[in-house]
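The structure under discussion is supplied below as structure tokens; questions concerning it will follow.
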Amino acid sequence: MSKLTHLDADGRASMVDVTDKDTTFREAVVRGRVRMQPETLKLIIEGGHKKGDVLTVARIAGIQAAKRTHELIPLCHPLMLTGIKVELTPNEADSCVDIEARCKVSGQTGVEMEALTAASVAGLTIYDMCKAVDRGMTIDAIHLVEKKGGKSGHWQLGED
Amino acid sequence: MSKLTHLDADGRASMVDVTDKDTTFREAVVRGRVRMQPETLKLIIEGGHKKGDVLTVARIAGIQAAKRTHELIPLCHPLMLTGIKVELTPNEADSCVDIEARCKVSGQTGVEMEALTAASVAGLTIYDMCKAVDRGMTIDAIHLVEKKGGKSGHWQLGED
Amino acid sequence: MSKLTHLDADGRASMVDVTDKDTTFREAVVRGRVRMQPETLKLIIEGGHKKGDVLTVARIAGIQAAKRTHELIPLCHPLMLTGIKVELTPNEADSCVDIEARCKVSGQTGVEMEALTAASVAGLTIYDMCKAVDRGMTIDAIHLVEKKGGKSGHWQLGED
Amino acid sequence: MSKLTHLDADGRASMVDVTDKDTTFREAVVRGRVRMQPETLKLIIEGGHKKGDVLTVARIAGIQAAKRTHELIPLCHPLMLTGIKVELTPNEADSCVDIEARCKVSGQTGVEMEALTAASVAGLTIYDMCKAVDRGMTIDAIHLVEKKGGKSGHWQLGED
Amino acid sequence: MSKLTHLDADGRASMVDVTDKDTTFREAVVRGRVRMQPETLKLIIEGGHKKGDVLTVARIAGIQAAKRTHELIPLCHPLMLTGIKVELTPNEADSCVDIEARCKVSGQTGVEMEALTAASVAGLTIYDMCKAVDRGMTIDAIHLVEKKGGKSGHWQLGED
Amino acid sequence: MSKLTHLDADGRASMVDVTDKDTTFREAVVRGRVRMQPETLKLIIEGGHKKGDVLTVARIAGIQAAKRTHELIPLCHPLMLTGIKVELTPNEADSCVDIEARCKVSGQTGVEMEALTAASVAGLTIYDMCKAVDRGMTIDAIHLVEKKGGKSGHWQLGED
């Protein structure tokens, strides 16, 4: 039967022991979005045409956060990420910024938490930089879309 | 005209100078949720009847993350939070865990980023602890619901 | 003659260069305890029957601290721990909480500092959560009990 | 009746809300020791006659750890420490290094956790630097000896 | 006679106790530069005309580093900076990027270390982003140019 | 044509993906200096004859900073350094302290940023400890002098 791997036999939180897992290539892709007023998005895009600073700062913040995932998420293992990519795309049709974060590692445990953390912190940073004009922004639909490597192999959203 | 306060006159990202702002009591409340399969929620609740560890770990992670907001969000100021509260409530009707984070400070700048960070990291931690049984969980609708203090006074969602 | 490996030939503090050491499986086990008033222990145990929060929070804090050992201990190397386990057992006979921390890695240097740090911070967290009712608690007898791997092989307390 | 302030009415771990506490001068003094073989202590002392590096590095590590207490201890508040002092004294009679840590702040919450953390990490660092010659060292008797400020006023060990 | 304030009467490193110092407004301005090949500077400037990313990332890194000064510099006090500004100006005449960092706080100790750290890390980040084309870059002349507040009042370079 | 590897095809800052790079032995050596008044250097040297604390603290700070390079420099990869060495040599002829930092790793990316960070933070710490007597000190000429390993092989300053 399926169970929560972070709880031991007595139901106590514990770190999964990955000592005996194989070191394989791992990759995870996460998507999400920050919903906002059309005027807010316009300010970001216009800034973007000139300097792109809101999205640059948010992208950098997401990359940096991925590296600190094991400090933020109590039962995550430290990992030596070999690649972190955060893409932020203004989406005028849905009045949001689309977030995509991708992490890679050769390691004993998956990198979905790293990609989820990168996407979340990129979204939080967009909120921070635009909050003076739009308090009602929402960080939405942060979810895993693809995962490679490890015992479970290749997983894509919608396949389960 | 409204503008993005984190970009200076030349459109470059910068930290807002709050040196001359008054020190006042500030509070922010943020809500969000982690959507999941009903079976996943059931495992959390059953664990909860015994030890409640998933929610306890996530609550602790959220509290700790709030204290590190200024490290994660590049242009946030360091703050001496006097209160951080994270509530996580299983919601069977909507098959999710409801998140509420509340931060307080006596300071020169608001604490909405701290509450947003607490809520997001609490959600990420729930994902981490349950991902072995449910990869499709989604962190959703992280948004500010109330804000007190500072020049803008009392703000509540829906009032704008 | 035996010497302090963290001091170089001139007696200056330095990090041991482990570049040429073999990568082997390493494990360390540390024990210690937090002594307290019987009433304090009773409060922890009773809480434990309901939610176990003091010990859960302390266990999480110990696990997280192990991951940050190289930041806290100036001459420790960064390590990619594959397993961290912290067990906290109320001991009514001795009016204390017994601490056991176990760390694992496949690496070029031992993990005793990581296990010692986990045990110490778990103990400090117990102190923090109970200090309102018992200021006189003592963190006691934090010591290595077993060590595997590396050039020195298997070591157990009492064998020297 | 006395209770654990870090557990709320439902027994869930939470941060104590200090928003309404007065800002007063606070001070805490903690003592402890690292027990070791007489030969180990001799190496430290001899090093000390030349450069004192073991004790200097441990003192620095303790000071730095005090500043990060709120990151290590999950429910501690961030604090702006105005003074941190760590004294390490070789004690040949008891074959140990005596540790004393003292922290000061003007704030809304006490600094005993900061002093306890400083003392513990100083002890761990002594262990780290001497472990190549003495694996059996023990970090012992880390305890609060004095506390000033706040609602509880002046407290000294033995007075309760 | 002048003396090193971070060494106590016995010559041991210690944190200056600022408990009794007045809380006053403090400001510090630091300058420095990263010298490089003219072709390297040209790449930065051309990038700058489009997106300015090298300088944006370096500016963000400098701001973030200022907030972590007390973690990096062992005897620095934690501070609640109210303003951090990092300006990076391409200087074709001298084939370098000029760095200026300015920090502000209302506190009991000066902010020159925060401004020095911001300037240094901004310079290191420029090096990182351009090192693939120019390994010989030099971070040069990081120095304090102005300091306000505290017992020593207003100081400007060249006045001593 | 040479290009800035940290900017992608669209000129956006990104982390270089090193997933497919070989794991090889890497080493980097960096030099720099802190210029100061002859009297300041004399105080350091005299302290050094007794306890050497300024240089010991600075050396420790440099070693610790190297381990945190990936947190400070936004697009740096996390690395498991196997050796960090910081040498600080008083230089009376030039009225400065000469800094040399050397880092080693077996990894997929070079360690020059780690050595540059170690040297810079060692220099900043010297400034901090002596600033009470000499505000005009300058951190100067932080530069790479040698680099081994990776695709580019052995590089020495002056060879390009």
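Letters A, B, C, D, E and F mark the chains in the order given here, with residues in each chain numbered from 1 onward.
Basically, a residue touches a chain if its C-beta (ideal position, glycine included) is under 8 Å from a C-beta of that chain, and two chains touch if they have at least 3 such contacts.
As the structure is a computational prediction, the values presented were derived from the model and not from experiment.
Participant: If every step must land on a chain the current one touches, say how few steps get you from chain C to chain E.
Facilitator: The fewest touching-chain steps linking chain C to chain E number 2.
Participant: Determine whether chain D and chain E, two copies of the same sequence, contact each other through the same residue numbers or different ones, counting it as same when over half of the numbers at the interface appear on both sides.
Facilitator: different
Participant: In terms of C-beta pairs in contact, which of B-C and E-F ranks higher?
Facilitator: E-F
Participant: What rotation angle, rounded to the nearest 5 degrees, superposes the C-alpha atoms of chain C onto those of its identical copy chain F?
Facilitator: With C-alpha atoms aligned, the rotation comes to 120 degrees.
Participant: In whole angstrom, how far does the Cα centroid of chain C sit from the Cα centroid of chain D?
Facilitator: Those two chain centres are 16 Å apart.
Participant: Report the inter-chain centroid distance for chain B and chain F in whole angstrom, where each centroid is the mean of the CA atoms.
Facilitator: The computed centroid separation for chain B versus chain F comes out at 37 Å.
Participant: Can you give the whole-Å distance between the Cα centres of chain A and chain C?
Facilitator: So the centroids are 31 Å from each other.
Participant: For chain C, write out the residues touching at least two other chains, lowest number first.
Facilitator: Correct list: 12-13, 51-53, 56-57, 60, 64, 68, 71, 74-75, 78-80.
Participant: By the touch definition up top, name every chain pair that qualifies.
Facilitator: Chain-chain contacts present: A-B, A-C, A-E, A-F, B-C, B-D, B-E, C-D, C-F, D-E, D-F, E-F.
Participant: In their complex, what parts of chain B are in touch with chain D?
Facilitator: 25, 52, 56, 59-60, 63-64, 67-68, 78-85, 104, 106
Participant: Once bound in the complex, which stretches of chain F touch chain D?
Facilitator: 51-53, 56-57, 60, 64
Participant: For chain F, which residues are in contact with chain E within the complex?
Facilitator: 2-7, 10-13, 32, 39, 43-44, 47, 50-51, 53-54, 56-57, 60-61, 64-65, 68, 71-76, 112-113, 116-117, 120-121, 123-125, 127-133, 135-144, 147, 155, 157, 160
Participant: Touching residues of chain B toward chain E in the complex: what are they?
Facilitator: Per the stated touch rule, the residues are 12-15, 17-19, 21, 70-71, 74-75, 77-80, 107-108.
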